[in-house]
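Encoded as structure tokens, the structure appears first; notes follow it.
In order of appearance the chains are A, B, C and D, and numbering begins at 1 in each one.
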Amino acid sequence: MTIRVAVLGAHTYWGAETMRLLSVHPQAVLQTLISDEKAGSRVGDIYPHLFAIAGRRLEALDGVDWSKIDCLIAALPHNQAHLAFAALPAGVKGIDLSADFRFSDVAFYEKYYGPHRAAALQREAVYGLSEIERDAIRGARIVGTPGCYPTAAQLPLVPLLAAGLIEADDIVIDAKSGVSGAGRAPDELHMYCEVAEGVHPYRVGHHRLAPEIELGLSKAAGKPVVVSFTPHMVPMNRGTLATMYVRMCEDVGVADLRAELQRVYGAEPFMRLLPEGMAPATRMVRGSNFCVMNVFAERAHRRAVLIAAIDNVVKGGAGQAVQNMNLMFGLAETTGLEQLPLFP
Amino acid sequence: MTIRVAVLGAHTYWGAETMRLLSVHPQAVLQTLISDEKAGSRVGDIYPHLFAIAGRRLEALDGVDWSKIDCLIAALPHNQAHLAFAALPAGVKGIDLSADFRFSDVAFYEKYYGPHRAAALQREAVYGLSEIERDAIRGARIVGTPGCYPTAAQLPLVPLLAAGLIEADDIVIDAKSGVSGAGRAPDELHMYCEVAEGVHPYRVGHHRLAPEIELGLSKAAGKPVVVSFTPHMVPMNRGTLATMYVRMCEDVGVADLRAELQRVYGAEPFMRLLPEGMAPATRMVRGSNFCVMNVFAERAHRRAVLIAAIDNVVKGGAGQAVQNMNLMFGLAETTGLEQLPLFP
Amino acid sequence: MTIRVAVLGAHTYWGAETMRLLSVHPQAVLQTLISDEKAGSRVGDIYPHLFAIAGRRLEALDGVDWSKIDCLIAALPHNQAHLAFAALPAGVKGIDLSADFRFSDVAFYEKYYGPHRAAALQREAVYGLSEIERDAIRGARIVGTPGCYPTAAQLPLVPLLAAGLIEADDIVIDAKSGVSGAGRAPDELHMYCEVAEGVHPYRVGHHRLAPEIELGLSKAAGKPVVVSFTPHMVPMNRGTLATMYVRMCEDVGVADLRAELQRVYGAEPFMRLLPEGMAPATRMVRGSNFCVMNVFAERAHRRAVLIAAIDNVVKGGAGQAVQNMNLMFGLAETTGLEQLPLFP
Amino acid sequence: MTIRVAVLGAHTYWGAETMRLLSVHPQAVLQTLISDEKAGSRVGDIYPHLFAIAGRRLEALDGVDWSKIDCLIAALPHNQAHLAFAALPAGVKGIDLSADFRFSDVAFYEKYYGPHRAAALQREAVYGLSEIERDAIRGARIVGTPGCYPTAAQLPLVPLLAAGLIEADDIVIDAKSGVSGAGRAPDELHMYCEVAEGVHPYRVGHHRLAPEIELGLSKAAGKPVVVSFTPHMVPMNRGTLATMYVRMCEDVGVADLRAELQRVYGAEPFMRLLPEGMAPATRMVRGSNFCVMNVFAERAHRRAVLIAAIDNVVKGGAGQAVQNMNLMFGLAETTGLEQLPLFP
């Protein structure tokens, strides 16, 4: 089987990464590269590193022949792909990288992202956190893939909350991320000189990814979870690190957390619980779909520290989208994603 | 008055920064530059940027003529300056940048740093957190200056604990620091390729600066404080950012925390409580003795986020040492430290 | 004497650096901070690191009371300050950081930068390469300060051409610069992810600073000089390094080049000919007005390599402007510029 | 066919990259991982990113069972693999990444690198610049693969010299490279703080790679070539950029250079002559075996600028070694090397 893929938003970093991954995917073909912003441009003009498809041209959305497409992967910022999804023929599956199809609750979406112009589709949309929602993703037509912070935070927290090993009401998520998460559209905040040689938090106390994380954690815990979440900008291109301070339930120890994570993720192809004492680093997963994690005892009473690292553009973006595509089309989940990380 | 200063460990980053600051200090003179490791070298050979003293030579410790010295500033790593301090003539004041003279409790020191060979001096040593221990520093002969993490964490936490505004038993300190804090001695961990383009935590759950921080917080709170503390390495030369998650006491709000910090630090020359909503960044203080801080409301019940940023080499090192020297010699506290940060 | 300075373009990096330097200048006062783009903003809102003047407000150009100004320093991009200069009262001296007043030949300017709306002023404008044009600058009312590449390239080349030690027709200038030279206005080319972790040349063969450099070299050589010039973007905030490949005249050796540079610059406060064999690095001058240089023998016949490094924002920008101001107002040339570089 | 590979020096960056590439090579198997320095360690302990082989252990050289090895790839620094090669059974092919087998002239080697303890092997060693020496490599048993600077410089220069389009006696190579080229062994020069936020040249006028480059260029030109060569250290992990200033022969234009490069490299799988006017950047090739190049007209008489960029760890290291292995074993040259670069 060959999946004919259309990439919507081929001019974004997410789009470029989707094209990079799919250009070596043995069972997918980059059928159509869509970008209203850069329609007519050669791929090589905007992303010279994509040698294999340098001569291909980006097309406008309204000229796409959907009869030749099996799967749409949308890599646009929030709020820009509603109509494209709404107009999708029934036979075409859709995977979105923005927040647009992550929530079955339309009111929830609109509270944080504004009016939804394809609200009806929300009902059939599935949350694309691959390891957690695998079964639902397999049968889905529309999948909303979570981004860097929700992926890095939920992967370790969900199983521990589901197993009742950690308290639901005392979770601090201190997250650090590279600059590519902000996309390629120019703004002062992400200019080189504003980011290099320093670190800073942003949107402290009111980042809209916190409610998304809480949604997944609440589902796992079976009760409402409120988290403390502070994202920080780190001078690096790629990578998300989540340092999570949790309170273990009575009579639970760090060894129990490790055992549960090992039980849940031990056979997962992209998940790696590191050897005891080894700290996750974003360098370990750069350019790959892997997630590394570990658990540490803390000095404070019943406190443990959970740490997870992913590449925000791959596992927190295009890689997880491809992983979901593999699931939706019945392929082996790792197809096209076997590349090891790049270090140094 | 002119203070004749000897710098011990002139070959370290801390030593170089001490020389940089003192070379423009109007009431101090760099009398003697000591380095057993690099004795005989010209300053310009090891630190070409110190143009003003490029031709000066480093000397071995045992040849120093202490009759010409008023103040020793030691910039050596932990455990290497004990004997130099023990041999200090009574008329010479000493300021140490390592952990060697930060604790009046010798057993505490030896638990974390090994045998102390100048234990008697500990009794008269004063903890050099300038804004908090100002009065004691003024009368001290020996001062142990705290480094990057203890300074960035204690400056905001101490007044709030002392005022009874935050709970003493629920403090998370997630700290991020640049690479210069590790010093100039070569090791694999701090090679360019091991640090660039990534972020990682280290010594999770057992960093020996956690007990030092707890000591100061316990004194402020009037009861034992245990913190959760995770340091992270960020690809930047300078800067320490501490993101602290605290639990406010009943009926206390973020405005109360702000008001207290404003009351305590409003007139301090190096402390800056930022306008409401503005997040501290290490870029704001690079190369300077300033500390910027702010307080944020969080989603979780009674949780607030305190954030502080300093330059680890200046306010978390040589700058605070000079600030202490100014206090010990009766100078205006800001003498020689008025330089604004360097950005970008 | 106190010079009352107005900074035009206070919102640019050049403007911020001018304010940083002047805030500790003992004989200048920041009288008026002008920015049409950010009129009404507090300095602290746009440049939080400028603590000393954080509460000051930026003003629109047309409300400035010039009777209270002695000196205008313009830090706007090329082509934006013509009218401000044209309207300057006779008693106010003007220093420009852009290319607008670097050329007495208006046609030359217009060829590369477009129409000049204050062409009459060009006649009295002096080229502000301080060490070379010192005498003319002292008597000037309008000075056009050269930027990073022309400063780093001309400082070593001009004396050697003037002394007839190197061939005028075989000069290669391979230059590397940090990102701050591009300014703060957002564009894709200077976003963090487009610059970090890589190096690239730009405007190869047709950068408009090449003719400016040739102008100065031709004047020194007494005949037309054409150079090969390739600028490169390096992932760093500050710094310009020029690596220059020259052909020595018959019977001239590297020692002769060194001797001439030593003769010309040996007593200069900001110029440093490094010890034989020590390679200049931008790290040596970061944040300062210094220029380091050196000469090296090469394998090829009569070839020598000249290398110079400056901080592009200081010696290649605001620092040289202040140096020129000092000259124009009869102050000691180093006033306010004694700060040593920041390393690491 | 499956090639059973032993990697010697598995603890180096070159070794790690060789393992990364071979772990997805469809016709090679990582039979034995050799490291006397780290014998007994798990791969995951020293290179956690190599998930696919994390549990494999490094072995000491003297225990290797060569009967199970078809090919040795040595990734040790210069001068450390002589005896391993000398002891290689006749049926095992050897590829070296250091300078040890790049020169058939032993005296030449010993002049720059010291005594050669496997001099006899030099006679059958072939220079592993794949695109240039392809035919000889196919029949070779021992190949010495060139590193970053010789690869980036020779690939564009060799065909132009061979075609007589550029002068042999006027070549300037200004090269810039990332820090990984210096390897993982700790030294002060390559510590993070010594490299970040700056750029500097090193070994100006006497780098031992200059003679290696000249050897290849002389062979192409048919007469002795002497180059001017200055390497620079850039704050980035990977990448080598060579900016080359050449003098075109009479009646030759930039279009002729382009045409010749297009003719020679147009069908090469890893070579890319960029569209006219597009400047090569190391970001375009990060993590890949590609080489991008371009030619530019310059202002100076008959001067042209040739620019080439490669990833120093791949095309200037492990990738080219694998490319050579493919040639030596009769595989398609691109086997296992199809991965596209990683950007951002």
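To be clear about the criterion, a contact is a pair of C-beta atoms (placed from the backbone, for glycine too) under 8 Å apart; a residue touches a chain by one contact, two chains touch by 3 or more.
What you are looking at is a predicted structure, and each value in this text was computed from that prediction instead of being measured.
**Student:** Counting one step for each move to a touching chain, how far apart are chain A and chain C?
**Tutor:** 1
**Student:** Have a look at B-D versus A-D and report the one with more C-beta pairs in contact.
**Tutor:** Answer by contact count: A-D.
**Student:** Rounded to the nearest whole Å, what is the centre-to-centre distance of chain C and chain D, using the mean of the C-alpha atoms as each centre?
**Tutor:** The answer is 39 Å.
**Student:** Using mean CA coordinates as chain centres, what's the chain A-chain D distance in Å?
**Tutor:** 36
**Student:** For chain B and chain D, let me know how many angstrom lie between their CA-based centres, rounded off.
**Tutor:** Chain centres of chain B and chain D, defined by C-alpha means, are spaced 45 Å apart.
**Student:** Hunt down the residues of chain C that sit against at least two other chains at once, touch-wise.
**Tutor:** Residues 13, 179-180, 193-194, 196-197, 235-238, 281, 283, 286, 344.
**Student:** Give the list of chain D residues in touch with chain B in this complex.
**Tutor:** For this pair, the touching residues of chain D are 13, 179-180, 184, 186-188, 190-197, 235-237.
**Student:** Applying the document's contact rule, which stretches of chain B touch chain A when the two form their complex?
**Tutor:** 169, 172, 174, 176, 193-194, 196-202, 204-206, 210, 226-230, 232, 234-239, 241, 243, 245, 279-283, 286, 296-301, 303, 305, 307, 309, 344
**Student:** Over in the complex, which chain A residues touch chain D? Could you list them?
**Tutor:** Checking each residue of chain A against chain D gives 13, 16, 20, 23-24, 44-45, 47-52, 54, 180, 196-197, 237-238, 272, 274-275, 278, 281, 283-288, 290, 292, 313, 338-344.
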